[in-house]
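Naming follows writing order (A, B and C), and every chain is counted from residue 1.
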């Protein structure tokens, strides 16, 4: 599955680059993506309002249509991400715990192949073999987003200092207590980063879900292209990009809130 | 005769000097913007050619900052620095540094260069021929007790800490600079390795006689190695600048005394060879354990204490030539005063 | 080959008659015949795919490393560039390609522009991180020996940062191979054409063959390219740097 695995996104960049110093105040930096997106959306709206829309464009560029598409897009992305979290994190824990080198080797092998697989390929293959529609798109999203979360869970757990684990056991904690109270909290920044990546992937792949009749904002983009109606195309693209950036930003905020203090 | 009115001329004449040159620091001050007090305040010192000067002081007193101003890694806020009579502040920094050896605690070997390539850096910058560089690399590795055949083509990560430190020293010596600046160069090693490195370095210095500024926070190291020691306090103020023997015998104030700590007399004894004391005739009743005439009085005292005897015999090349007692040893301490000073004046 | 999209991934759910027919309709000989008949076509598409990826990654490397070098010591510039690149990568590729099409049309040009765009973040970020991670003691000893800043950049910092930079290029290459597949929708070059042909011929006998061939070829291309880059990285990195 192509895509950066532990690439920090916009807001992580902002956070890691700063200790509050001269320059922009921290709050402004934190809100920057929000502000930029808001400005872009406002400009787009103003631009569209100034246009003379023909009937085709009017059918697409109205509140009902747009809201419906956004809804489909978000539902798809969020359900997929939740499913991924529920499936991939336990899987990651299982792989980390496993002593079998063969098992780990197989998982890593699958991961490498997965990294190389194009999302569009997965989507279309599933559609051919099974059926088109929402569920297939959901499945494709889950498959595609599974890897980053799996890999990050494994990596996050691996980077927990073994001596911390040892001292926890030494205090009498059971393995599952160590997992719940020590390892997972310490691994959470990396795991959350993976979830965040998965979420952004989900939004991205949901865009091509349109090819298999799963709805979403991709519809606007495709229709705009097919019918050569650039306003429709541009609005669809900008909306999708804005949603992606906003969701990434929101995920970053959640990441900051959930992160254990002291890390 | 190189024209010493131009920058190139100055550097060329510097390059031509291989034995030491003198260094004069005149009212050097370093003030960092936004800080209340200067890091180095009004520091003046004259270093004679070929001297090994130790800067000793606690962390943060400014000793390293002062040293780093000599090769202008840090630029002085005011004051002047002259090497061999020439004002270094008017020279190009990079050019200047190619003629000053620089060794830091973390060594800083280039990980992506072989040992040979690391040592060759400055000679290459100065345009030496390949043959000359290769010869020099071999020579230097042998000087620091590393077999060129084994080590020249290795990479830093393949060497132990002590070995890396030695390469660091070799690298600083590569272009044969007249001045060396060393900032806790043996600090990152264990005590045993450190002692070996110190001894080795003293041996090298005996041969080449460069002018060296050596920064350390370890007073014992300073005593063991320095020709003269500058005991420094906050803002690099010089509390005392003198030979190890005299600092031990006559500390200028309580601050210096605090460095010496307990056992000043014993430390002084370590600096005086047996030959400097009054040796009496051989004693038949003395125990079998003897002391060589070139060992220090501290070892002689150690032997006396260990055996509990009144006298121990002194040997030269294995043959007994006399004996020594505690009184003679103590007397030697006392004569480390006016008589000695008169001798050296 | 069919194992990729069959029962193991969809345990017991919704396999309907249609799927069954498709599955039983699928067989090796059919696929082999398909591949043999279209061998030239496939190779040409693979070549195009590879070319567009290489061109984009090389461009991204030049621009990205250059940018990384320029902003490595300037906090505000660095944050701006990195943030912009990070935002770029968040934008879904179809959206970006669509936005470029009114201006750049369809085909190679918007594809290359989009691919360079996406490749910039990994390259710039890794360049910056790599350069800044050079140990301070190495930089200080270099300065102490009289090397000037430019010489230090090119003979010390870049070589030491190179493994990290190459990793960034590898990530960019993997990214690019996948996104190039989507670019086929805007007439971009490469194997995406087959994947979309699979879509457009949905229901026909060859749909699966097209999509499968396209997808698997992309996977193989990505893995081979990564292998080559690993080799290149190893050959261009000093032996002293390998952990």
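We take it that a contact is a pair of C-beta atoms (placed from the backbone, for glycine too) under 8 Å apart; a residue touches a chain by one contact, two chains touch by 3 or more.
Chains and their UniProt names: B = ATP-binding cassette domain-containing protein.
From a predicted model like this one, the values you see are computed outputs, not experimental measurements.
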Subject >> Where chain B and chain C overlap in contact partners, by chain label >> reply: none
Original post:
By C-alpha centroid distance to the whole-protein centroid, which chain wins?
Top reply: C
**OP:** If we define chain centres by averaging CA atoms, which chain lands farthest from chain B? Would you check?
**Re:** A
**OP:** Could you give the separation in Å between the centres of chain B and chain C, each centre being the mean of its C-alpha atoms?
**Re:** 56
Original post:
Using mean CA coordinates as chain centres, what's the chain A-chain B distance in Å?
Top reply: 60
Subject >> For chain A paired with chain C, centre-to-centre distance based on mean C-alpha positions, whole Å >> reply: 18
Subject >> Footprint of chain B on chain C - complex, ascending >> reply: 135-148, 156, 159-160, 238-241
Original post:
What does chain A use to touch chain C in their complex?
Top reply: 1-4, 7-10, 12-14, 17-18, 21, 23, 32-33, 36, 112-113, 115-122, 124-132, 135, 139, 143, 200, 203-205, 207-208, 211-212, 218, 221, 224-225, 230, 233-234, 236-238, 240-241, 244-245, 248
Subject >> In the complex, chain B residues that touch chain C >> reply: 71, 73, 93-99, 102, 104-114, 121-122, 125, 155-157, 168, 171, 181
Subject >> Contact set on chain C toward chain A in their complex >> reply: 4-6, 9-10, 14-16, 18-19, 22-23, 75-76, 78-79, 82-83, 86-87, 89-96, 98-99, 101-102, 121-122, 125, 171, 174-179, 181-182, 185-186, 192, 195-196, 198-199, 202, 207-208, 211-212, 214-215, 218-219, 222-223, 226
